[in-house]
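Heads up, there are several structures right after this.
Across the two complexes that follow, chain A remains constant while its partner is chain B and subsequently chain C.
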Partner chain A sequence: MASMAAASTSLQARPRQVVTAVKCFSQGSRSNLSFTLRPLPTRLSVSCAAKPETVDKVCEVVKKQLSLKEGDQVTAATKFAELGADSLDTVEIVMGLEEAFDIEMEEDKAQAIETVEEAAELIEEILKAKA
Partner chain B sequence: MVAKCQVISLCRSLLRAGRKYPDYNIREYTKRRTLDGFRMNGNLTDPSKVIEAYAQGKQQLEVVERVLKVYLAYAYPPKTNHIMELKV
Partner chain C sequence: MGATKLSGMQKQVLSLYRGFLRAARSKPTEDRKRIETIVSTEFRKNSKEVDRKNFQYIEYLLRLGHKQLDQLKSPDMVSISSVKIN
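== the complex of A and B ==
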């Protein structure tokens, strides 16, 4: 349990500031690349690849499953372990998500889910494949 | 020795199999029982006990799947919905 948590934290660690390449188009056709440091926005509105409605629905299911109070923050980057869920709770949450969205998740993909964002992205992938 | 992912996938298979029952009572019971059972045995450290519990879980999975086949083939599909399933 501890080793799994350690592995997941090392995977999920992201730098607070993102190095981005800013393309400057000069008068000619040459494009220059220059690197600047951009602070990561604290609200994950841009960097999450899933739609906000999906993320919201996932957050609702998670809150209900773990019986969280209204004030507790559940955002796209929240890890289930942070909310006090162990692996069995995660299985329950994934089952709840499958029922809420009426989908079937594959075993190995479902095992890999650690954050709200991953769940939402996987759900959207499956919904797109179904449509 | 049973790996953690095996245990998790056994839990998932049990929950998935239990979901298919047409009867509300049996559905809820299988879900409740699997979660309770796995939580109760979650702190086992003795390897032989772990293997024993895992084997028990596998047997229960066979039972669930077998009884499901019987229900789907021979028993009633419920003509009315259970009151707990009414969406308010």
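== the complex of A and C ==
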């Protein structure tokens, strides 16, 4: 029962990510590689494929790279294009992420990134392969 | 960007841009900042001014860019500058 209560709190806190994850799930094409890595109960990790810390860090880098204001909302579902980023900006964001996480992203995969969440997922995939 | 698919040429340009930013990383912070500013200004300027159908000119710019990038990659090279010729 205690875990039930905790679960509902956490779901309320991140409603957007839950919706996204449900969508991914029904498509059935996205691999949720970080399942086993998460310390939370399995039922909860469905809420978002990438760790919140990673998503937060990605948001920070994106904000810095695009010189957005503090108050600007950047969430997991935010598309780079929505923030006014062109393809050159996207390259800069990817380079910034590479430095922040100390990784190298493949060009093809990096070019396919459109949202914060996709970036976070790719980063975790790379970090996992590196570990 | 976004849902629109990039053409082969656009990919080449972005790849060159990446190459420049990578090369800039290996330079001291001061130089790096200056290089990044110049490179980014140059790419953005051309992205606005050059007609996207002018393939010959874009190919010429790509070749020129690769040559400049090779020079920038050399460890002796610490800076670049842009000169405006009218």
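In the analysis below, the second predicted complex is superposed on the first by the 84 of 131 C-alpha atoms of A that agree within 3 Å, B and C clash if a C-alpha of one lies under 4 Å from a C-alpha of the other, contacts with A are read in each partner's own complex, and residues count from 1 in each chain.
Following the convention adopted for this analysis, contacts are C-beta pairs under 8 Å (C-beta built on N, C-alpha and C of every residue); 3 or more make two chains touch, one makes a residue touch a chain.
Only a predicted model underlies this, so the values are computations on that prediction, with no experimental measurement involved.
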Now for A:C59: first (chain B), second (chain C), both, or neither, which partner does it touch?
-> neither
Go through the superposed model and pick first if A:L122 touches only chain B, second if only chain C, both, or neither.
-> neither
Looking at the overlay, what does A:L88 touch: chain B (first), chain C (second), both, or neither?
-> both
Is A:E114 touching the first partner chain B, the second partner chain C, both, or neither of them?
-> second
For A:L97, is the partner it touches chain B (first), chain C (second), both, or none of the two (neither)?
-> neither
A:F80 contacts which: chain B (first), chain C (second), both, neither?
-> second
Determine where on chain A the residues touched by chain B overlap those touched by chain C, and list them.
-> 86-88, 91-92, 94-95, 99, 107, 111
Which residues, counting only chain C, touch chain A once they are in their complex?
-> 1-3, 6, 10-11, 14-15, 17-18, 21-22, 25, 40, 43-44, 47
For chain B, which residues are in contact with chain A within the complex?
-> 4-5, 8-9, 11-12, 15-16, 19, 35, 38-39, 42
Of chain A, residues touching chain C in the complex | 79-81, 85-88, 90-92, 94-95, 99, 107, 111, 114
What residues of chain A sit close enough to touch chain B in their complex?
-> 1, 4, 86-88, 91-92, 94-95, 99, 107, 110-111
